[in-house]
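One chain, subunit A, links the two complexes that follow: it is found with subunit B in the first and with subunit C in the second.
Right, the complex of A and B next:
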């Protein structure tokens, strides 16, 4: 075993060294900018960052939108994934392909399409006026709502794909057995499907949450400077103020929050066995 | 597998090695915009003339300045084009050298405003642009910068973000219109903050404004003249405002890297770029408005440019020193009043 281990280390070493040198080291160097103050290691830049009410607001807004997108993606994702898993024959493959298709289109193109769809003369507003829900076109663009819609559409496929995998591994007779024992749809979902697919949910949830936290194009195009999120704030700090310290703090926050999301999701997944 | 490896190796060998062909190489750092046109009109003809190789690096001003600062000890680039204020900042950081204008044969042909924009001999203007308000003439009429915040435009106006080149000039003119034009731009920033809900967005790219106007999201926005062509192509009645406070704008300048290894070649390139022939070619393709006063273009071309002695003289530019001294304060006030 040890011999094999040593062999494995030797085989891994070149790739590991390569990624250490060209990825880990530069990223750490970049992040360390945010933890230096007057030549010493310090948390001062972090506390200075959170002393600004704007930065606080942006931090909470980013967290809120990422959480809402993850929750909505989970809700819609379960419905879509269950429907796809239930399809018999070749239709299933075609549906999965339909889910994957948007991932092949550039996020820039997808996001710009939303400007047309959500605009005052776009299809959403025209439909709302047509059915009489509103007299005046609603201002949807450049708001938190627009960012939410854009991110949800961007990341939903990742949730659906993770859940399809989990639902396919779900023992079919478990649902049938619950039904025989008199459980209704809600009970089946909460007591059978949810616990048995938590791992898929954890993977999808992490991808969607981390994706929402770190996406740049969608908040920049659909939100703009009026609705800053951490990534758009980071860009502003670097490109306008050349402020690498705040940029280092924000980048560290994004990384830490992505890892934290993964931990929380894995905790949820583990709870099944507890 | 073996075959694949062989093919990969062969491809790798076919890839040209950098820096081996020509013996002289000039490295320049420019804005990423219109590079196809620049290549055809400026870079290729210059390479043919000097028998040298031109290496072009692109990016926004801040990125490129940060790179120059990082490579201060052994400069990679020989010359750069940046905004007027960034030209002054680079000079203050010791990143640039004085330009020996005696070696620029075309220097005398420049408009006075372009000859030494920062008054330190460290930069030469090569293009400028006017900034005014583009608006839907069937919906509103704009006579003053203050009209941007008038009730008739509420919910139908976009304003340039503070971080863009059009942002501070717009605030500068709004301050004049409000009769409170202090260098800290406090009054105009506060006024925009108070009307935040009436402003559709704070844009970062002029192309966004073309789309928003096309979709009838907005009726008015301050833009640079270089973007005017996109608006004229729309099937909508749009006009370029002539506000009573005047038009503002900006200038881009050329700088010479401090301690650059190819300063002779860099000066030769600057002179080439400033020549009547090249400035005319760039103007005719609507890439850059000429800083060379000998450039003559047809009226329909001039219409899309910032062109002519009178136009140039009337531009109200923010002095670079004022911009540099206040940039950080503008941003923090903006974030405080507008960003949240």
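Right, the complex of A and C next:
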């Protein structure tokens, strides 16, 4: 270790000052717009925001979709991650690469694929008509379901990657011992795997939940102008009405909820001894 | 379990097969399965003037912002790893903060408080925003490489008469090269695919490629966006496969 503080500061200062000036200061200024009323600090904009039933509906829809996506990602994530961890040899690295790859492809392209799949003449509707389940093509696009599917595909890799790390650190003997003692698969999952992988779940859960709330492209393309989430509402308020106050309120809500999700997940992670 | 993994991978990767197929369609409208095969939509992508301009902007932006983020991030990561820095955690938090705030908020904040009052050119604001966004990745990845490098090696070089700068460039730099390259790939991909930050930071003649694509999607669903998506996916795939081959990129994600 070298002890010269001046040197250290010369090395760090550019990055820290840059982030403060370009990022922290402007963002704080924007957030403060949502807490001013007639020139004073006030919570009036917050209560005004929630007085609108449209805004309330968008708020709850955002929470609901984020929670559902997180739950679905956890379910599928455990299955996929366990299967990958169980692979022996070089196949495992290839599987991990397959999970990482989608993360590297433009989210516009990934979201656009669902227009092809879920649209009126898409595969899903063709299959449904072919099988005879429906005569008219169903309207799947521009709905909460479409947003849910799009977000799940976008964010599931983050959950799988977090759980792979957790499952690899699981003591192998624990599962084997439980099996010898007569536990079935469900009991092993609930009593052994789940408590021992809570930290990985908490990391993945935070990423997926916050990612669902703050995604823009998916609700914009798959939800359309009617099925809004907080991000698309923010964009609409600013681009149509130049409404910075609502923007400040929504931005604060998004940040607070991301942090809250992180806290809740960390609580879950710590509750392992309970 | 194997079956479940197969289905999950189908869900994650299958949609790309659908875009590829749709982009090879000979028909007028977007459809899967495609109506006949042709490369007409792939050719059309190269004919759309705005796609060319926005591709060049996105490419320049990604390269410029990644370089700037590394120029700021590598020294900071080095100082945080090698010195006892007071308030190290607060400094880390400041630099990492762009990860905690939705991108759309960042873009709007820069538009309102830099571009409008200070008359910053939009391109410059885009560059600054993308740099701020990549900086946390650069710091994290380079920090991870530095953590694997024992400080004694560098101290030995200094004791043997190398200058501090000499020790950094001749001992430390070659050892963290893979981490820096991985950070470059991640930074490039992050910037190139970025939408929410760039959303408000666009104007006449200044549009990144993904924003241009989103705008195009509002007008028409013709297969040219599918063709462009296919080309972009292929580009990302190539970059990632090469990086994985030489660097083991998946370790850093």
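Following the convention adopted for this analysis, the second predicted complex is superposed on the first by the 249 of 274 C-alpha atoms of A that agree within 3 Å, B and C clash if a C-alpha of one lies under 4 Å from a C-alpha of the other, contacts with A are read in each partner's own complex, and residues count from 1 in each chain.
Definition applied: contacts are C-beta pairs under 8 Å (C-beta built on N, C-alpha and C of every residue); 3 or more make two chains touch, one makes a residue touch a chain.
Since this is a predicted model, take the numbers as computed values, not measurements.
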Next item on the list: With the two complexes overlaid on their shared chain, look at subunit A and say whether subunit B and subunit C clash or fit.
Entry: clash
Note to self: With both complexes overlaid on chain A, does A:224 touch subunit B (first), subunit C (second), both or neither?
What the structure shows: first
Next item on the list: Examine A:66 and indicate which partner it touches, taking first as subunit B and second as subunit C; both and neither are also allowed.
Entry: neither
Next item on the list: Could you say whether A:140 touches subunit B, subunit C, both of them, or neither, answering first, second, both or neither?
Entry: neither
Next item on the list: Could you say whether A:166 touches subunit B, subunit C, both of them, or neither, answering first, second, both or neither?
Entry: neither
Notebook entry, point to check: Looking at the overlay, what does A:120 touch: subunit B (first), subunit C (second), both, or neither?
Noted result: first
Next item on the list: Based on the superposed arrangement, let me know which partner A:202 touches: subunit B (first), subunit C (second), both, or neither?
Entry: neither
Margin query: Under the stated touch criterion, which partner chain does A:57 make contact with: subunit B (first), subunit C (second), both, or neither?
Written below: first
Checklist line | Which of subunit B and subunit C A:241 touches, first, second, both or neither | finding: first
Next item on the list: Check whether subunit B or subunit C contacts more residues of subunit A in the superposed model.
Entry: C
Margin query: On the A-aligned overlay, A:249 touches which partner chain: subunit B = first, subunit C = second, or both, or neither?
Written below: neither
Next item on the list: Looking only at the overlay on chain A, choose which of 3-11, 147-155 or 219-227 in subunit C hits subunit B.
Entry: 219-227
Note to self: If I apply the document's touch criterion, which positions on subunit A are contacted by subunit B in one structure and by subunit C in the other?
What the structure shows: 115-116, 119, 121-122, 220, 238
Check: Which part of subunit C faces subunit A closely enough to touch in the complex?
Finding: 1-2, 4-5, 8-9, 11-13, 15-16, 18-19, 22, 29-33, 72-73, 75-76, 78-80, 82-86, 91, 94-95, 97-98, 100-106, 108-110, 112-114, 128-129, 131-132, 135, 139, 151, 164, 189, 192-193, 195-196, 199-200, 210, 213-214, 217, 221, 225-226, 228-230, 232-233, 236-237, 239-240, 244, 249-250, 253
Notebook entry, point to check: Can you name the residues of subunit B that touch subunit A in the complex?
Noted result: 60, 62-63, 65-66, 155, 161-163, 196, 199-204, 211-212, 215-217, 327-328, 331, 335-336, 338-340
Note to self: Which stretch or stretches of subunit A touch subunit C in the complex?
What the structure shows: 1-5, 7-9, 11-12, 14-16, 18-20, 22-27, 29-30, 76, 79-80, 82-84, 86, 93, 95-110, 112-117, 119, 121-123, 152-153, 156-157, 160-161, 213-214, 216-217, 220-221, 231, 234-235, 238, 244, 247, 251, 254-255, 258-259
Checklist line | subunit B-touching residues of subunit A, taken from the complex the two chains share | finding: 52-54, 57-58, 115-116, 119-122, 139, 141-142, 220, 224-226, 228, 236, 238-242
